[in-house]
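Same chain, two partners: subunit A is paired with subunit B first, then with subunit C.
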Partner chain A sequence: MSDDKFDVIVVGGGIAGTVASYLLAKEGLSVVLVERGNFCGSKNMTGGRLYAYSLEEVMPGFANEAPVERKVFKERISLLTMDQSVTLDVRSPKFAESGNDSYVVLRSSFDRWLGEKAESEGAMIVAGYRVDDLIVRDDKVCGIISNGEEMDADVVVLADGVNSLLAEKLGMKKPLRPEHVAVGVKEVIQLTRGEIDERFGLSGDEGCAWSFFGANTDGIQGGGFLYTNKDSISIGLTCNLQKLSEGSKPLMQLMNDFQSHPVVAPLVKGGNLIEYSAHLEPEAGAKMIPQLYGNGVLVIGDAAGLTLNLGHKVRGMDLAVISAQCAAQAILEAKSREDFTASSLRKYKDLLDVSSAIQNIEARDKYLEFMENPLLYNAYPLMIVDMLARLFVVKGGRAQTIFDDILKNIEALGKNQIENDFKAVKKL
Partner chain B sequence: MNMKIMVCVKQVPDTEMIKVDPVTGSLIREGVPSIINPFDLNALEAALQLRGEYGGNVAAVCMGPPQAEEALRDCLAMGADSAVLISDRVFKDSDTLATSYVLSLAARQFGPFDLILCGKHSLDGETGQVGPQIAEFLGWNQVTYVSKMTRTEEGFVIDREMEGGIEKVMTRTPIVCTVTKTHYEPRKATMKGKLMAKKAHVETVDSKTLNGLDTGRIGLVGSPTSVAKSFVPPDGEPGTVIEEPTAVESAAKLIKLLTKAEAI
Partner chain C sequence: MTMSIDEKLGVDKIIVDEENAHIIIDKQYSDDAEKRKLIKICPAGLYKMEEDGGGNLTFDYIGCLECGACRAISLGKVVSGWNHPAGAMGVEYRMG
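Our next item is the complex of A and B:
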């Protein structure tokens, strides 16, 4: 038994954990955040972009103070074949409007800042300690155990990331399955500010977010991403783990090929690799969401399976903020009743269920099967890029109409297949 | 028998992160995080073990910039009973003589101590002079390169780590010891220790509140040593790898190369 007891112990210093700690400490609760890295953010990873709307609600104007890299002004999507590409480039002042804005971030500095915000509200951060287990007495979570040392709390908030072994130990979460997660790899490549501005057509603090589909994942469900930081770029790939293991190329090979692609190579040229990281992300939608609450315990953020990858929009950090908000509110209410049982903490799930986080995840579920269609990752990008490429070729002889070209491609792929896929799209 | 122990600590740049400017030859300290000099942690561990065995209390003392308070909080988290930060702009550029002068004044002010423990040397300066100089200023016995300490009636039996052997020394207190890493692997602070240290009081003294300070003996003025030149040692020639298909052939090649180099 330990001598002191805290109101809340939060396990994990990511977005969800730091924001929950911030909100709870702000309301006067005694909060300890335990982080296994040397500081909040030291072991955390994102592809790159935070949609601001939810954090804006928690900390209005945060982007003026927080160490964000660049504000996204430009969105690009590319379809790639081995040697061809089609790129859509969208630039709009809408992206910068308050409420629509999004920022490229690097987690080691961003989460650290969030941790400092939580500390400034009175939360106590203990970094460098891995929580090995939870104290469970009479079917209630009563605290944490790290390196044999116990620490008690009324509520333990599990914000320990995608592979939450603690939630698994409690039986709240099933072990991850390779088909339900994507593995993401990312390199941070250092370039000068000037080089980035020039290569991406940016100025000042403007940033670019860029998704890539097609040959870069070798037909595997997934995609590539590139985000511009202040003086580096974050570039990487995500691939379904199961499909990757069935594929013929290891991820590093795909990453090398991706960076050698004629579209990508000039963007990274001459850059200095300063960081390499890899991470799992849940991608099986609502069925990944574990039991979210129990006696004396809540699960938030990635640990709660709250991510949403639509290819061109990859979300997780904004949903982590929402879950932290819901959890904080539920805990505050539970505290006012001094009742930390599951039935009292159920409020968290109720709040989350009506939040945009869960609603968007559930809405996305019907896309899941569609997105598993392998044609989306090889044949279709190839067909589209090929057709558009031919549109610009003049070589004498009688020109073919686009219509003829489309028909020919459809025949090549098999009419039935395309009809079925088209129906699937219409159903969405 | 309770002992009062003072442990001297300093912050050094994290050597794993440090780079040398290839042009000027000086250390690039900007953006390099500070850590507690690792040997100082061995000294603190020795102090905590002695306190555990014989009772007493441990004071961690640091002369450094205001941010060195963080290092002292780490000492408190590990179990030090109190912490003193000696911090003032006028101490800037102090060499080992000036530094040990200041630390010896602190030992008088916050003592009396039975024992002062230092790391065997710092990772940045590597002089190993501060400990012995504190002993000289105080007129105490000193033992350097201490790997193990055992209490006796009148003092200590101390293992001194020498090249090729251990020297056993018996001495009376008060003593200054500089500690090696052999036996005193620093403990990891507990979570509760960390939490307690966040709130703990760190006593701070400056040039005005440090008793008996002669300002002519500190800072650049009070430092007779100065760095004449620093340089990066040139990279050595790469070695030759002999990897012939068979051991006999490899041996033959080795002999040939040695003969050519007139080494045999």
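Our next item is the complex of A and C:
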């Protein structure tokens, strides 16, 4: 480490930290990124899909150069009961149009590449060092402490992820509440390209994104996901942490059961496990966003709780990019004034507030409450799958119409409950 | 065929810091409900009930995937200390 003072120290080499470093170094600031893992990306996992629009703004045409796995051409959603399923399969050239496009990524290589882009603009990457503490003088963050060594900077950017111990230490962020996060597990399972193309109906670099709801989380708020990589698949589950802790099955068992489900088992059959990973995911929307700026300090990405979980769509990486952009712009302006106080760095929050990141998060707060409805994860999937399954059954005796079925299901669940939930849907 | 959690973790690259445990638990903590929560939520299956039937919790930080779930559930209860492993130590994802 060095005794010199830097313009900016970024803590954390995930999407948020590498993109912020890239943007700041590109504008000529002296930037050091400190990452506790041995390289950027070595500690990071994600479900799999990066919505491209925001990174495209930072690095136009990035997907031609970056180690992306496949471009998503096909979306599937399945509702599962223990032994039945309904699957929606949507294939559209719209998914591939520029601006709508999304890519399956594996973070170990993807973040590493982003780190190299930052380096190529002049950022210095110090990997294998955990930032243990921050230097605070006269109520201003002035640098970092790692392994007993100190390093000074005008601004420290905390991009240290969902478990941001540093933002907690500063009192900017409260300890995570179990009801505000989901815990995710994922397996990367190796298959041949041919097997993947055949099992998912793909060709070339086409990819599939698939989400699963219902029995696979045992009624717990959450869902399953599957993304196709080039020659492997990423498959996993997320469950609200609080609900999981109150539930009846351990997460490891839910994951095994999920992979044994008749819909899923043939997809992973014969594959080789090449990695098992786990990570928390912020999922409480605006109510978990911490204090975003202070004297000499900004908080970005997952550390700032900027993830949007809409069930069938999880967005965190695209929002990490947006927060990095807003932070970089605010720092550049602060630099031009040589004023790194909270009132100067407040610009970050102002930019974020008018960005699509925060606006989407705020707009979705009602949706998040709706998503907490436990019926969504057991009774409703069961009802829908059951009705559709019966639609195709022919047996002797008087034929039932689908309306008989709907009425029976409504009676079983209670008319008031359904009416209330229907109203809740209309309000969204 | 499902793999055991130890087999799954065996596939991962984990650089073990033999000298420092990054998670410390309070073995005296007596609330069974709290212990059961940890057993359910740890994706690496590192929290276990001792097999002697005494209801004691065992924990081993080796194999930790550093997710932070046990911290969010039980810091100040069963979990008395939680930090990221020292720099360059712990899990190293090759896929991620």
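In the analysis below, the second predicted complex is superposed on the first by the 425 of 428 C-alpha atoms of A that agree within 3 Å, B and C clash if a C-alpha of one lies under 4 Å from a C-alpha of the other, contacts with A are read in each partner's own complex, and residues count from 1 in each chain.
The rule we apply is simple: a contact is a pair of C-beta atoms (placed from the backbone, for glycine too) under 8 Å apart; a residue touches a chain by one contact, two chains touch by 3 or more.
Just so it is clear, the structure is predicted and the values come from calculations on it, not from any experiment.
Novice: After lining both complexes up on subunit A, report clash or fit for subunit B versus subunit C.
Specialist: fit
Novice: Where does A:D133 make contact in the superposed view: on subunit B (first), on subunit C (second), on both, or on neither?
Specialist: A:D133 sits against neither subunit B nor subunit C.
Novice: For A:E116, select first, second, both or neither according to whether it touches subunit B, subunit C, the two together, or no partner.
Specialist: neither
Novice: Looking at A:D386, would you say it contacts subunit B, subunit C, both, or neither? Reply first, second, both or neither.
Specialist: A:D386: touches no partner chain.
Novice: In the overlay, answer first, second, both or neither for which of subunit B and subunit C A:L280 touches.
Specialist: second
Novice: Going by the contact rule set out at the top, does A:E149 touch subunit B (first), subunit C (second), both, or neither?
Specialist: first
Novice: Looking at subunit A, does subunit B or subunit C touch a larger number of its residues?
Specialist: C
Novice: Touch test for A:E195: subunit B only (first), subunit C only (second), both, or neither?
Specialist: In the superposed model, A:E195 contacts neither subunit B nor subunit C.
Novice: After superposing the two complexes, find the smallest distance in angstrom between C-alpha atoms of subunit B and C-alpha atoms of subunit C.
Specialist: Superposed model gives a least subunit B-subunit C C-alpha distance of 9 Å.
Novice: Using the superposition on chain A as set up above, list the residues of subunit A that contact both subunit B and subunit C.
Specialist: The overlap between the subunit B and subunit C interfaces on subunit A comprises residues 128-129, 146-147.
Novice: Quick check: in the complex, which residue numbers of subunit B touch subunit A?
Specialist: 188, 190-192, 194-195, 198
Novice: List the residues on subunit A that touch subunit B in their complex, please.
Specialist: Listed in rising order, the residues are 2, 4, 32, 34, 124, 126, 128-129, 146-147, 149, 151.
Novice: Going by the contact rule at the top, pick out the subunit C residues touching subunit A in the complex.
Specialist: Touching subunit A from subunit C are residues 2-3, 5, 8-9, 11-12, 37, 39-45, 65-69, 71-73, 75, 83-88, 90-96.
Novice: Touching subunit C in the complex: which residues of subunit A?
Specialist: Residue list for subunit A touching subunit C: 36-38, 41-46, 106-111, 127-130, 146-147, 162-163, 165, 175-178, 181, 183, 185, 187-188, 232, 234, 241, 244-247, 249-252, 255-256, 259-260, 273-280.
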